[in-house]
Structures are given as structure tokens and as C-alpha cells.
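In what comes next, chain A is part of two complexes: it sits with chain B in the first one and with chain C in the second one.
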Partner chain A sequence: MPEERNKEKDECLECKKKDARWRQDFPVEWESDNYVTRREMVKFLALGSLTIAGANAVVAGLPHILKAAEMPRMKVGEISSIPVRGSKLFSYPTKADPCILVRQQNGELVAYSQVCTHLSCAVVHNEQENALFCPCHHGYFSVDEGRPFAGPPTRPLPRIKLEQQGNEIFAVGVEV
Partner chain B sequence: MNGADSMEFFIDYSRCIGCKACIQACEECDTHRGVSMIHLETIMRSDSVQTAPQICMHCEDPICAQVCPADAIKKTPDGIVQSSLKPRCIGCSNCVLACPFGVPKYKAEINQMMKCDMCYDRTSIGKRPMCATVCPSGALTFTTREDIERTRQGVAIREWQFGGEVVRTKVNVLVPRSVQKIDVSLEQIGRTTTDEYDVANLLLGD
Partner chain C sequence: MNNRQAQGTTLFTALLVLIGIGVVVQLWLLAASVDALMRHQQTIPLYAALGSAAVFVINGLLVLYVINFDRKIKQ
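The block that comes next holds the complex of A and B.
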């Protein structure tokens, strides 16, 4: 036991010396402190690349994950209450998301987000042009597909998926 | 014009007139704007008007950096011991207690130690430190050793003895020619009867 104690004591004295090995990790000199070893550099590059690759994977996968999330099924109204070439306003999926439902000439029902993809004004149905019209900057979207065909908007309106059950219409999802 | 490498800092305590110009100038330094890093000590205040400026002596083996547990104090290749690094300093005041010259200042409002860095923004490009530019009596001088030897009576030394510890500094002090090394004897803590200004007595009180 005394031998072990002496050994510990010697080691303790060793670590207090000016040239003790632990001091190499905490140098007083500025240039030694800023010195980057090859191993540190390689470790930084490898971990940095992995982090960037991981972040890219998350960003790429995020829309799919969000899309997979269940959208609520909400009643929009009844077919009989909407005239042919007429429209109806509703909100989907939350009350803060205004949408517009249009009953076309052929009886087909289509619904889009009412928020213009240019500067977020509310689009309205223009019966004469058979288009969704944004009055702020005179943007036009086709009723068939929601694609812009005149004015400043360049991206189509998000489409609301609909389901019919008898006379009732339900909104079931959003296609971005 | 002398090269920046040959310029050295010299303190002549006996020349200090206590004008505090160095304190004001130190506050103008861009590395710690608004905060003075100079200590202006009074010597036997009740009997004398003598004052002494104390800047960082920039030790060759800085004890402040040796005792720093956060590895926050670094010495640049030109021998200047820098102020603590803000991201590292933990405000433990080890350096404040360890420095034999009493130089580091702990700033509680920013929880960081700050000290004289010999106006590194200036001296690193060959300019004189702020305090040395304004000192009217030459107590703080930044010049060449030849210039000091030619113009001063004393001799410039930079070796100190604190008890058993020898400390070599970058900054010189001017002392009488007979002095080779400044020997600071360590006093035993306890009341002494001979010297009323003894720090131990002052700490003990009446």
C-alpha cells in the first residue's frame, strides 16, 4: 500500500511540472492555441459533411412527412345550394385558410385556396371569363386546373381535394 | 523612425506626478474603450503625494494564464499577454489573485477579467501605447533601450524575485544602478510593530 501511495504522489508531482503532458492541450501561447492538427481538420470536415447531408435529407423529406399527415374531413356545403357556374366560399383546413368552390358548366366541382400566389389577395370567381380573378394586380387563374394564365402570378393555386356523398360535398385534403 | 520590434516599455515610478493623464488616455484605447486598465497606486498617502502607475508587466511565463482554469488568457508571439477571451472567461478571478503585480481587473458587470494589453491595436502596428503618449513626466515611456540608457540615470531591469519565484517581464522598470533584481520579500501574515503601512497590519485593522 505505501508503494502505491508513493507512486500516486510521484504522478501528482509529475502533472504539476511545466512540461506536463496535459499542459500541451492548454498552451499559453496564442499560436499553439490556434494550431489545428490534421486529425482535428479531418474530423471537422467529416462531421461537417455529415451534418450538411443529414440536414439536406431532413429538408428533402419534410414535405413528404407533412403531406402524409392526415388532413381533416370537413363539410363544405350541398350541391343543390350552388348554381351551375356559381361559387361558394369556405375555409379549409382551418378557419384562417379561405377557399373557393366553383361549380363548372359541366357540373364538375373544383375548389382552390382563395389566397393569390402573387401577394396573397383573395381571388374571386369571374363568371364571364370562367376564371378565378385577383383584383389586386389583375391576376387570372384557370378554373379547370388553377394555373395562372394572365397577370403577375406564376404559381398555381393550391387545390382542395373534394369528395361527394349524395348531395353533400366534403373537403378532404390539399394538393400543393 | 525606430522599428516596432526594438521599442520597449519602461516604467519609472519615481517620475510619476499623479496627474492621471495615463488613466484618461487608457480609456481611449480601442481594445477596451471607456474602461481604464491602469492602476495608479498611492505610496504612504498620509505622508507623501508620491504615486506609481502600474500597467501589465507582460511576464515571460504569465502566472495569470497558468492559473486560468478556462484557458482564457493567451500570450501572443510578440510577448504581449492579452486580456481574457470573452467566450472562455468564467469570471473566477483566479488571475486577479495570482498576479504578483495586481494587474487583472474583474469586471462584475460583464463577468469577465480585463487587463492591460499594451494597446495591442497600436503597438502591433508600431504605434506607442496610449498611456505612454500622454505621460508628461516620462514615468511611462515606450522607446528603445538605447534611448533610455542615453537619457536616464537609472538602469532598466525586468527581473523580479517574489519569495522563491523569479519573474521575468517584458516591461522594464527603472531603478538605481546598484539594483540588479527587484526583490519582493514575502511578509509573514501577522502584526508587525515596525511598519505602520504594512499590508498585513492594514488588513488586520486595529
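The block that comes next holds the complex of A and C.
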């Protein structure tokens, strides 16, 4: 008799477990749930490793691919129209890419993208400090190399390659 | 579970962790190379790509080792 009672008790406990309130609220079927084996996980990681290695190779090859792409040759202006320590705005390679050309003290011409590498504001030439200045967050870039030396920007400005033919200046490429 | 299967389970877990660490290192290399690319530095992405490829080869060899070990156990 006591054995039968124990059996009944156990069955009742099972019933209670099955009909438990929390099971009704969260009817998750664990057995039919997706089960990922370690082998599947290892294969997934190996494929991920291959994908990341491929992405790394693409990133490494990107500058060479961009270099290979031909950039247009566009007239920027005439040297005589730009005073020493003066600047001129132009667009290169498309009208949506603003650039700035600066004629330095020694007569050398340099051009950079006008888009600040911090938050894409337009940089302007600051004659007094001989720098390219971003008024949004007070970032400064050197005119010689386009490298940031003050403020929040950390990346240099893309440099525009220039060519001179007599009095005329041409933009021929972008150094990424 | 016999002795060889238990050994296989431990080995499998260890290799899973090693491959996982390799993938994390690769992700770090990818982030570093993208950052270098944005700074217009071309040598760092190249070395990062070589390092990533090396880690992938190591990961691949580990997976092959696991597969071979698995076959032996099944036989």
C-alpha cells in the first residue's frame, strides 16, 4: 500500500510539473529547440575565420585597387589668380567632392579634400597660422602634409595630386 | 564513455577555445587594418592581412586535426 501511495504521489508531482503555471506562460519545447553541436560550432568558426581573412585581404588590397582606377584630369585654375599664402576652392573628382588649393609661402601648391576627417565639416585656410582649420570642432591640419595637429581629428586629409602646365593647374588624382 | 572518447571531448573543447581565440585575434586585426586604412597607412593592412591569413591556416589545421581525430574514434 505505501508503495502505491508513493507512486500516486510521484505521478501527481509529475502532473504538477507539467501543468506548472510557469510552463503555461513560457511554453518552450526544449527538445525541439535548435541544438548546436560543438562540431557545428567549430565549422562555423572555421568559416568565420576564412571570411575575416578574406575581408582583411580586401582591406589590404583596397588602396591598390583605388590607385588603379583612373581619376579624371580637371583644370583647377591659374597660378596667377592665387596669391602667395592664398587659397582657392574647387571640386574634384566630382562636383560633390569639395577641395581646397593652397599656395604656400615658398610658392609650392598643395591641395586637399575640404571634408574634415572628424565629422565632415568643411575646412578653411587659416593664413595666420598657416593651417587648414575646421571651425566646427576647432581641428587643425598642417598645410604641408594635411596631417592633424590640434583638435579632435586623428586622420589626415586626402591629398589631391596636382600637375602644372605653364600657368594652369590640373588635378589628376587623389592620394588615399 | 570510454577513455578515448573522454580524451576526444577534452581535446574538442580545447581546440574550440583555441579556434575561438584565433577568430577574435582576426577580428582585432581587421579592425586595426581598417583603422590604418582610414589613416592612409598602407603597410599595416598588408601585415594585418598576412597575420590574419596565418591565423586562418592555423585554425584550418586545428579543424582538420579534429576531423581526423573524430574519424579515428568512429572507426
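Keep this in mind: the second predicted complex is superposed on the first by the 114 of 176 C-alpha atoms of A that agree within 3 Å, B and C clash if a C-alpha of one lies under 4 Å from a C-alpha of the other, contacts with A are read in each partner's own complex, and residues count from 1 in each chain.
By definition in this document, a residue touches a chain if its C-beta (ideal position, glycine included) is under 8 Å from a C-beta of that chain, and two chains touch if they have at least 3 such contacts.
None of the values given here were measured: they were computed from a predicted structure.
Visitor: Which holds for A:Gln164: it touches chain B only (first), chain C only (second), both, or neither?
Guide: neither
Visitor: For A:Pro63, decide between first (touching chain B), second (touching chain C), both and neither.
Guide: second
Visitor: Between chain B and chain C, point out the one touching more chain A residues.
Guide: C
Visitor: Quick one: classify A:Glu175 as touching chain B (first), chain C (second), both or neither.
Guide: After superposition on chain A, A:Glu175 lies in contact with chain C alone.
Visitor: Which holds for A:Phe26: it touches chain B only (first), chain C only (second), both, or neither?
Guide: In the superposition, A:Phe26 contacts chain B only.
Visitor: Who does A:Ser120 touch here: chain B (first), chain C (second), both, or neither?
Guide: So A:Ser120 meets neither chain B nor chain C here.
Visitor: List the residues on chain C that touch chain A in their complex, please.
Guide: Chain C reaches chain A through residues 12-13, 15-16, 19-20, 22-23, 26-27, 29-30, 33-34, 37-40, 42, 45-46, 48-49, 52-53, 55-56, 59-60, 63, 66, 70.
Visitor: Which part of chain B faces chain A closely enough to touch in the complex?
Guide: Where chain B meets chain A, its residues are 61-62, 65-66, 71, 73-77, 82.
Visitor: Going by the contact rule at the top, pick out the chain A residues touching chain B in the complex.
Guide: 18, 26, 28-31, 33
Visitor: Quick check: in the complex, which residue numbers of chain A touch chain C?
Guide: Checking each residue of chain A against chain C gives 38-39, 41-43, 45-46, 48-50, 52-53, 55-57, 59-63, 117, 154-156, 158, 175-176.
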